[in-house]
Each structure stands twice: as structure tokens, then as C-alpha cells.
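A, B and C are the chain letters, set down in written order, and residue numbers restart from 1 in every chain.
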């Protein structure tokens, strides 16, 4: 699709300077852009490229001064980076809205219900009594189990598998390869050392405006629901065990793992590769550093923790500093031992 | 499907109290159950819900006393929780047995052999000379490589990929997205700094009654077999490298990783995100705490370890306690240094 | 396929001893091999099996002495293990070259371009304007997004998903379930505590001779490219975040994670489960131990680090040793405190 500088300026409330019928058909970085591309300049470090770039249209800050004449059309806005991001978002939405229809071959059970403007990619599988909302986009090879509900405007990327009975909210995005609703890891030890499976008959509920990365796993509850609340953002390769709750607007970075039945509050930030044991509570606003291992409930909101086992951030950093100097500390103790020994030998007997 | 209280009581050897023709068609938690649902009460904390729940049938302990009359039919059993779990298990088995037949489109090589009562979901791919046992259920989008054998009664969930020559036992369950038999990570360094692939021509053998979670990876052996022995239970997102052996009834929690050629004994318990280096042995009954890093063989059975590098559990906990108090210990040393300095200055010259 | 001892000897420049028309049709370990299998002996520990194995042909070192007559045909080479590996590699290449053609059903957009001798497995999806090079093998269920390029001789295993605009080089291997080009994890916090997605419009570039394991995730750049350079070898379940660069011939073991915008140099070795924070540089030849947490740039080439937070390998090992003896050190301090107290009480007042 082609857009003119004037059309773009309208979308982002900017003012065109130069040729307002200059056209662009794609995006580029200012240092690499070709003719007919749109670029932006936000970071002053890149200012020199303004005079050498081949981009046809450039979004700049209102305050940007020019040292030389420029051939590209400029669009001036209060904040060039955020205007550029807004533009991209709108562009991607437009492209995605154009994706509609049912590609063949796909497998749609006759009891499944599909909303309007739905896209079903080839090799998608939609099981009995599934309910797919309006404007939902199912990319190729997605698997939707029995009775699953996917809310309006949600986007399910290639090869996502959603087991039976799970419920996905509106405006949710789930990236490729993620598995929603696999069995929780529950096995009862038997007297002979073997294990007997504890049936996992709950489900997973993913609320509105959640985004989940690639190849993550969110297990179904033993009974009841594993819940990811509205606005939570989950990265790649996460383990969310059975009966966990993830609070509103909580952010979890890649490769972190939450064990069974733990309840994470709202606006919590969990770093990459962090682990949290089962059956504990994490207060709202907690910040858990990457690679931390949290083994106890955190009850005070807005606490920051680090380390494994995790401890208060400030005191953990102090311990780490002393730990690094431990060989030194040991030498100080050895020196003291010598001196005290000397003093003991020299002392005047009472 | 609908069941009466009397039918359910027969399945779990219980005694009905109340209306034995009350019918249920699904399961619920006692605190949320609706009419026509079956619930159970095992935990005394939830006893009050017995008098308010809308469930039509409730499984309770034999010993349960009633403070008020109850409208639901009760089924009394020695252990309500375990009876409920048994029931669910039977229910899921019945549902799964009903899954049979070959959905279209699927791809089944003409040299592949399929047993009786098999289910092949749409978009499944079964390669040359594969052998699928009786009652096996292949969910949609499963990939079965050349010469793969899948034993009777095994269940392969959506999008599982099993590379050529791997052998899956009987009564095995493998959850969505797991990859069995990908190439082990073997590369020989060359004089110019590049790496040359070491061909991985072994396979993976998964014995009977094993369960494997979602998005896990079990790599094929360089030569010979990577083996997961009978009764082992493996969680999500695991890395099991080439030529590893996992012993009978060993349990491995999510995101743990076992490096190449390591042999894990029987009845070992490995916590989430733990890592084990290559080419070591782990004795039977070892318990490895979450996030531990095991760098040496563990030779004494039933040892418990924690930390990275992992150490004996009790002494590691003691070290951790002292570590937390390190800033304090450093202050004590500094105080001693001052006092000893003072004593040295005050000493009576000999 | 069947090969004679003479044919095999030609492929690996060896000399046959015994029946040079002995035929084999598969490979086996010397201790388990059956008749009509090819085995090798490199490790003297296994020498006894030379006299008991049922293998029809055995590759041995030139220098191998025989204590008894042997029924199998021997092939003598300077280095038996490496000759065996070479042979396997050639065998697998031959087998893979035979894979060609387009299986049905598959989905190939009419604007996609396919090279010669390509294999497209059933259930593969090739999107608009994708370009598949010569001799590329796409295993069943692979997903290739819009505008993706896959270079000559690359092998894409089952269920790999490559998002739009990503570029895969020549002679690349990507194992099952891996996701290339999922959205980077970028969300801007809003005043109300919610997060707004930062569009991720860059791509992923995987250069020539790269191998990537199973179920790994390499996210697309926010703008520009996430890059994996020529010859890098990546294991299973890796997280490579947006805008990361992985240098030439760098090796990354399973379950490691690299955060956004970090640049990894050439010939770096990263152990399993290691984590690296975002926006740092790692010098060429750095060795990062398993489970390390690297929080600062490493500027000196060929440094070895370990621990979380990671520190120089030698000093970290010294700290770890002292840490293990901490309870002991604390006792020494307590003893000193008692002695000094005693000395203070005994001192002769000035």
C-alpha cells in the first residue's frame, strides 16, 4: 500500500514541510532507508543521517532545527518516536483487518460457531462447540479444543494449541507454539514408588488485552481455573503451572516459571529466568529480579527482591558485595588470629 | 453424558444418602457448583459450602457429620478426594475411548501400520514404516517420523513431533508441542574456529507409563539411545540432552535441564529450573531442589542437595543463613580489628 | 540401501581386511550390533566386543592389533571415530537429497517462488512472496510467513514457524517447533498502570551454516534486525530477544536467554540456563558458565565468568570455596571475639 506525506500527517496529527504528495510504501531506519520509505528521527545521535538518508518522508520532532536543506518531505510532531510507533500500530491493524476468510484445507467441526470477519488459516483445527468471536485471526496450524471460547479481536499465531474448555478474552494475542491448557503436573506417589496421575479437569482463563509470547506453557487447573488477568504481558518460554493466578498488568519476562497455586498480584514485574515456588502470594507491585528464586510469600506491596533464595534487593546487593570480598575477609580473620595469638602469649600473667 | 447418583456410587464403591436418581452432567468446585454438577468435600475448611452449594450430588467422607439437612444427594466413601480423582480419571478414559477413526485431511504413508481403535486427528503426518499400536490417540497435527513405534494406549497431544526411529512405549502421554528425537547438540571445533556437526544417529526410547509435559525437548542419542524409563513423569519445557538416561519413576519439574550422557537413577526428584551437567551419575532417590546446579556425581542414594553449585541440603542452608548475615560478620571483624589494634598499642613491651 | 565393505572403504579412504563384499544396511554400536550392521571401535574399553559383536563390517584404527581371528570385515583408517562420523554425515546427506517434491495437502501462495529439488512436506504453509532456495527441505507442518527467504540447502524441520520478513541463510538447519521472528517483548508503561504495545516491525536474519535446536525462540527486532551470524550453533529452548546479535561461530547451550539489544561477539561459548541482561556487549571468545547471570558488559576477549551475578571464573571459584566454609569462618570470628574480650578484661590499665 502507498501513502502520501499528507495522508500520514493526518493519521498522526503532524504538519508536512516540503512535498506533501511524496509517497512511501514501507518503513526503514533513517541510516539505511531507501527511496519510497518512511523513516523517523528521534535520537539526536542520528541527526547527521537526516542530510544523507534516501527516505522519501521523515517524521521529526517539532523542535528539530535544520542545518541544510533536505530533499525528503518532513512531518513535524511533538514526539517523533511515539508518532512513528502509533503509525506502525495503525498500519499493522489495517493489514490484519484485511485478513479474513477461511483457507482450505482447514478442519471446522460443524458444532463450532464463528463470528464475523474471522480469518481461519489453512491447517487450523476447530473442535466441537468452540466459539470464535468477531474479527478473530487464527493463523495457520492453530488448534482450538472442544468448548474453547476465543473473544473478539484476538489474534492466535501459527501453531498455538488451546486445549478443551479454555477461555481466551478479547483483544488477546498469543504467539506461535504456545500451549494453553496442557495438564497440570499432578501425580500422587504410591506405596510402590510409582506415581498415579491426578486428573486435571479445570481450565485456563486468559482475560482481555493479555499478550503471551512464543512457546510458553500455561497449564490447566486441577479443578477450577488457572487465570491470567486483564492486561498482563507474558514473554516467551514461560511456565505457568496449574491453578496459578497472574494479576492485572503484571509483566513476566522470558523463561520465568511460576509453580502451582501461586497467586501473583497486580502490576508485578518478574525478570527473566526467575522462579517462584508453589502455594505462595506475591503482593501488588512486587519487582522480582532476573534469575531470582522466590521461596516465600511477599506480603508488602512494591517490594524489590533478588537472588536465590530471593531477599530484599538492597540487603541482597550488600551481601553480594561482601561475598565477592570473602577471600579478603578470610585473610583479615587469619591476620587477627595471628595477632591475638601473639597478644595471648605476650600477656602479663595476672 | 448424564449419570445418576446411584451409577456414580457404584463406580467408586460409595453409599448414596438422599435421592439416588439425582443426575449430574459435569464437575464443579463445591463453592461454585451449579445444579446438575457433581462436587466433593474433603477439606474441613470448605464444610460451610456443604449447606449452600447448588451441586446436585456431593461426594463426602464416610465420617462427615451434618449440622443441617442437605438438598443434594450425598455419596459417602472412605476418602472423598481420592474417590473424586478416580471418578474423573474413569470419566476421561471413557471420553478418550470414544475418540476413534481417521480424520481428513491427514497424511499416512502406505507402509505405516495402524492398530485397532486408533484415532488420527486431521493434519497428522505418519511417515514410512511407522507403527501405531492399538487404542493410540494421535491428536491433530502430530508428526510421526520414519520407523517410529508408538505403543498401545498411548496419547499424543496436538503438534507433538517425534523424529525418525524413536520408540514410544505403552500407556505413554506426551503433551502438545513436545519434540522427541531432535538432534543432540554435538559439534566438533575446527582449527579455524568454526564447528563441524557430529551426526546424531541414535534415537530416543520412552518406556511405558511415562508422561511428558508441553514444549519439552528430548534429543536423540549420538549413537545408541536417550532413554526415559518406565513410570517417569516429566513436566513442561524440559531439556533432556543426547544419551541421557532418566530412571524409573523419576519426576522432573518444569524448565529443568539435563546435559548430555548423564544417568539419572530411579525415584529421583528434580525441582524446577534445576540444571545438571553432562557425564555424571545421580543416585537413586536423590532430591534436587529447584534452581540447583549439580556439577558432580551424587553417589549416595537419597541425598538432598540445593544451590548452584549444589551442596548437601542441610549444610547449604546453614551457609545461606551465614551469607545473609555477611554484612554483620564483616562488621564484627572490623570491630575486632580495632580492638586488637588498641590492645597492640597498649601492650606492655616485654 | 545396502553398501559393501569395499564401497564404504572408498568413501572413507580405508583399507578392507577380510571379506570386502560383506554388506551392511544400517549402523549399530559394537556392543549391540546385529548381522548386516556397520559398527566402529575407537575406545580401547570396548575392545573385547570386537571378538563377540555380530556386526558384519567394523571400522577400526590402523593401529588396532588383533588377539583372535574375527569373522567381520574390518576397515582400517587413521581415526575410526572420525571416519565413522564422516560416513554417517554422507549417509544422511544422501538420504536427505532423495527427499524432493511437494506433498499434498500443502498451502503454497501463488506469489511464492520455489527453487529446484525442493521438498515441501504435507501441511506446510508458504505465504505470499516467500522465496525458497534450491535443495531446501521443508518438513511437514512448517510455516513460512510473507516475504520470508530461505537460502539454498537449508533444512527446516517439522512445525518450525518463521514469521514474515525474516531471512534464513544457506545451509541452515532449524529443528522442530522453533519460532523465528515472534514479536519482541516491548510494552510502554502507561500512567494508569497498563501497558501499550511497542510495534515490532524489524525482522530476524539467520546467516549461513547456523544450526538452531528445537522449541527455541528468536524474536524479531523492534526496528532493524535481530542477527545470528554465520556458523553460530544454538541449542534447544533458547530465548534470543529483539535486536540481539549473536556472533560468528558462537555456541549457546540449551535454555540460555539473551535479553534485548545485547551484542554477543564471535566464538563465545554460553553454558546452559545462563542469562544475559539487555543492552550489553560480550567480547569475542568469552566463556560463560552454565547458570551464570551476566549483568555487565565483558570487554576483555577470552574472559571466563561464572555465578549470578557473574564474576571472573577463578575469583568466583575462590569465593564459592570460602562461602562453603562460611559457618566455619563465623565460628573463628566468635572465638576471636571471646579471646579479645578476655584480653581486654585482663589488660593492665595505662
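Following the convention adopted for this analysis, a residue touches a chain if its C-beta (ideal position, glycine included) is under 8 Å from a C-beta of that chain, and two chains touch if they have at least 3 such contacts.
Each chain and its UniProt protein: A, B, C = UDP-3-O-acylglucosamine N-acyltransferase.
Everything numeric in this text was worked out from a predicted model, so none of it was measured.
**Q** What rotation angle superposes the Cα atoms of subunit B onto subunit C, in degrees to the nearest 5?
**A** That rotation is 120 degrees, given to the nearest 5.
**Q** Looking at where subunit A touches subunit B, is over half of the residue numbers used by both copies, so same, or under half, so different?
**A** different
**Q** Could you put a whole-Å number on the gap between the CA centroids of subunit A and subunit B?
**A** Inter-chain centre distance comes to 25 Å.
**Q** Would you give the residues of subunit B that are in contact with at least 2 other chains, written as numbers and ranges?
**A** Answer for subunit B, listing residues that touch two or more other chains: 105, 123, 141, 159, 177, 215, 237, 255, 273, 308, 323, 326, 329, 333, 336, 340, 343, 348.
**Q** Contact residues on subunit C for subunit B in the complex?
**A** On the subunit C side, the touching residues are 27, 29, 32, 85, 88-89, 92, 103, 105, 121-123, 139-141, 157-159, 173, 175-177, 209, 211, 213-215, 231, 233, 235-237, 248-249, 251, 253-255, 266-267, 272-273, 290-291, 308, 320, 323-324, 326-327, 329-330, 333, 336-337, 340, 343-344, 347-348, 350.
**Q** Of all residues in subunit C, which touch subunit A in the complex?
**A** Listed in rising order, the residues of subunit C that touch subunit A are 105, 107, 123, 125, 141, 143, 159, 161, 163, 177, 179, 182-183, 185, 187, 193-195, 197-199, 201, 215-217, 219, 223-224, 237, 239, 241, 255, 257, 259, 273, 275, 277, 293, 308-309, 311, 315, 318-319, 322-323, 326, 329, 332-333, 336, 339-340, 343, 346, 348.
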